[in-house]
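As written, the chain order gives the labels A, B, C and D, with residue 1 at the start of each chain.
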């Protein structure tokens, strides 16, 4: 970290925008199943918030030809902190521009991660104030917990796929004051990094895009705070035909209780249980997972992350999810003509991951 | 069911005996990790009970050359009920004999399932009475919950592998008054049956031995009653090097929350969470899972049951567990010389299971 | 128990009817908050079921001038069992009559408990069959878990207030084959009994009416099966102005996880968490709680059951709930003129309960 | 807040010292029941840590004539931050001195809160490094979760009783950069404040000493992170005769899941479940609880906090706990001669608290 004043300049992940080719189904997913409130509609977009999100919205669902992340915005700790972070980015030759066109938020600095993800920084927000009938008796809760589905509390974190994990990590550390709480290395190469500007294990993570892509979203996560709600949610998803990828289980990395599903538009969404490990120690070393330990890093319990999706699929993706699975599920000499992209992924993904007991469907 | 008086003649599964080639490690598993109390030692055996087991012991750990189930004993609802069940077995030409040589229990009728499992029926038991310092303030609890490990409450159920599921099922229905709550069929063949003499989804289950073996144990299960304790237990097992097979997750079949591990002697042990579906309706139809629905039957969440163990390994087994996994993990044209046993299992296990999203490691 | 054939003749509690002076609010309580399905409407009644109740309905909400229990019906284990139980009642000079006028059920024997509660026995039922869109992938589940509120699975048990606990208990034991799993005694007087015809700790309980009343309902209970859902539910009730009496906590008696609330019509409803202690041992002794142990019997954790409601209020009640609380909350020499009913309750309720750390609001 | 650089200068609560007149029993409480590791013994003190505490110890148990808090130490975010905070204290005429005599920690600034609590600031720490056999596979976890009792993860927070809540609050805000997330007011008087230097709802809270005392400890809290573990713990405490005060339930204030017990030495210890509300919004307003809302603030569920302890007892205390309870449980005209201290407490505690449904045992 080159700039000690940067350490607390970013407060947290305030919002993200998801693109979806199936806007109504995606909206239903977040409202009917995850119990999010709709606070605004504008153009091809609908704005939503969990019942403990503090601002007007934490999620914008926008109709688009392909799934993917429109943008994600981090809120600074103060107006001055925002200026400092923008100055740092500019000093680092990161191009960007100011805009002020999002409902419920003020002026915003738009820039890209080294891998091409659309990121934003902002300070000005409009706090959500519930109408009388939605006011909770619990004062720290901005609105009543809905009676619909298994409601998420708030947006939690972002996981970005990148062709170069180290570049993204360095940028978050240098310009945004994040510290890297944990990382995964394959020999000398960083293939995953979990970064935070506060106590949380991560507000932004970055994992290597094993297919060589750029600027994709691996997943956007929402917070329950309670492990049982993952069990409740997965049962709901099974019965209502939402595609489950893996979980509920607990990652060794971050100690996060995870459940991964694909919302109907094709984006991977993580539901997050308990708070995971909170990084109170201010000068804790970054924990580095070697390939030899990756089993527990991926899953403490018996979960198996599917090779054909978890390690190879992000959004936007050249293929629809079912086509992607079809293509990446065929391995070995007996398989149909080996696709070069699959072959490339095979060569990129470390053998220790292929052979991890926490991974399913890897090539022989 | 041919004999209506039989319906409630068996009360419950009272005890089981496990053989182990590593007696000390197996004993440590049940005492250090599962918090069971040792109540007696005799010869090469140690007798244990969970803190809510009502009798002197529910588990006997006996040193042997190979893992496996020594026997399992069901307790009748009364002395007369025991006589009726024994008479029914004899009338059905099931051979057996009376013995009375087990610590803490009286006269016992020993017989075999149609597939060769050692089963017993008994009525006479010695109730466990805790010494003063182990008496719980909760009167229905026979002893305090231990402060050691993640303690199981009691023995829960038994899962037998069989070359002929229907024969075993018919015998339990006809002679022991069990009803079959759920079953799995592959076309016309029953490959799984869950049977109970009371409200529980199953006290005895039977699954087809896909390797063609006879009289093996698939698993013995112990009860927590609380889903969170599976999460606690799996974390303990991971850190203390107990091999986890799958879970925690929930089967659609029985709605049982499962966690499968292998105790150090090689036997599969299931830890069971909440009570699952209780069969209160006295004339409910048996639920039949077709292959088309087997995904949810196997796991409601994202769990994947390993082909190379869950569907092919029971005890006793010709190979040690790690050798078995090595052998059954090699599939496809590029694999080492195809073993006839693996080939046989491949042909026996239904394609719908091979291709289930709830199964990992199946052949291409 | 005088009749051994009786032991399993009753299968379970099938349904109950609640009277309410506020039918719409009571209905909203069971549908919006407890996620019950409406299956029928007829006259001044609405029929509901939890998502795992097997028949057309388990709860009938009927408009009436006062709250209370219209009736409760137990289902027999077979047609013959029903005949045997009716014969036993008649032999015991319990008057009754056959009727056949309830939606979704066939002929029914109506009689009264020794204290005047309306009870029924029946065998003929119409099984609930879900329409396509409500069919669950989990075959033992008669319908999908709703997305509304914190849904209960099914009806669980009934708790009757009685001027003479022993008389009610004896009747259930003698005529209906129930066994008493636990009881509470104050010296030589039984002041509580928990009775079951199956494995459950109780399907029917009876507690002494400390106000000297007859035939009242203490509470009707519904089942979650999961402790966390009590925490979810109580938060919902607090924010949506449903009056909470006590819990969540765990009774030592039955090991039941409880949460007591008053539905808007004035009836006490219990939400039940995990399954509690399952009585597998067929000849277990009845556990008797003495006054010296009553603290843990009432609550294992720190909960305090309110003297002014839990020990004195049932439905129907001469006063509305808020008036009852007002009246029974005033104790001691400085209190307004002592009411004779309150005085009678003071004299009837054992001092050990008054002074229990698990009771609040008792007289000085 | 007068000093914006102060905001993140304190990282977290690192450790606390408890005095106990029963050192062995207090030690047993923390080791046998809460599963804490002993890392050091010196003089009349034993040093302990939870399995996720990052330093050599978070709790020091010291033999003394009376219970109470020896001191509590906050760790700064950096060496410079420590200097800044000490400078601010000195500028505010808060006397203090540097010391360096605590095992596992370096130089430390000792001072007192405006109400006389012994507080400390420090930067230099010795990180805990587990021996091989205690190393967890989960890299963010400094040591394996013990197999003993229901183990706490780490120290969580401190609650101080004070004759002047505002003075203590102002000092933490002004000199230590804490923000007040929530507070309780009785008309114009602050009677509670919850303060944090990070995302947590509170690392230090202050509640009015209703008996007019100074410098007492209300409670020290340890973190589970999982609600179920409170249910597990309270059952353990009940069976092993640890005195339970209230809970498990959830405060509206902080949304903390609480369980209060008294360790054998007489200090109140809180066990904390899930993380509670995390304050991500950097400029959120302090939430102010008025007396009209205090019910939900105290408990969301049905818990009742005992007037005679929760609102009147801290350590050190002129009377032993049982004597205190005896004295403060006698109210009203019929009570034994009214004690002036009890009378003073009656006059000080707001009527809204006396009459809250979340309080038990208040005077008539």
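For the reader, a short list of remarks on this structure follows.
Going forward, a residue touches a chain if its C-beta (ideal position, glycine included) is under 8 Å from a C-beta of that chain, and two chains touch if they have at least 3 such contacts.
Small disclaimer: the values here were computed from a predicted structure and weren't measured.
Shared contact partners of chain B and chain C comprise A, D.
For the pairs C-D and A-C, the count of C-beta pairs in contact is higher at C-D. Note: the chain lying farthest from chain B is D, by mean C-alpha position.
Centre-to-centre, using mean CA coordinates, chain A is 35 Å away from chain D. Computed centre separation for the pair chain C/chain D is 40 angstrom, with centres defined by C-alpha atoms. Between the CA-based centres of chain A and chain C the separation comes to 46 Å, rounded to the whole angstrom. Shown for chain C are the residues in touch with two or more other chains, namely 137-138, 226-228, 235, 238, 296, 300. Of all the residues in chain C, the ones that touch chain B in their complex are 4, 7-8, 11-12, 52, 54-55, 75-78, 127, 137-141, 154, 181-182, 198-201, 225-227, 252-255, 274-275, 277-284, 287-289, 293, 296-297, 300. Those residues of chain C that touch chain D in the shared complex are 227-228, 231, 234-235, 238, 244-250, 259-260, 296, 300-304, 331-335, 360-361, 364.
Taken in their complex, chain B has these residues touching chain D: 32-33, 136-138, 144-145, 147-149, 226, 228-229, 235-236, 238-240.
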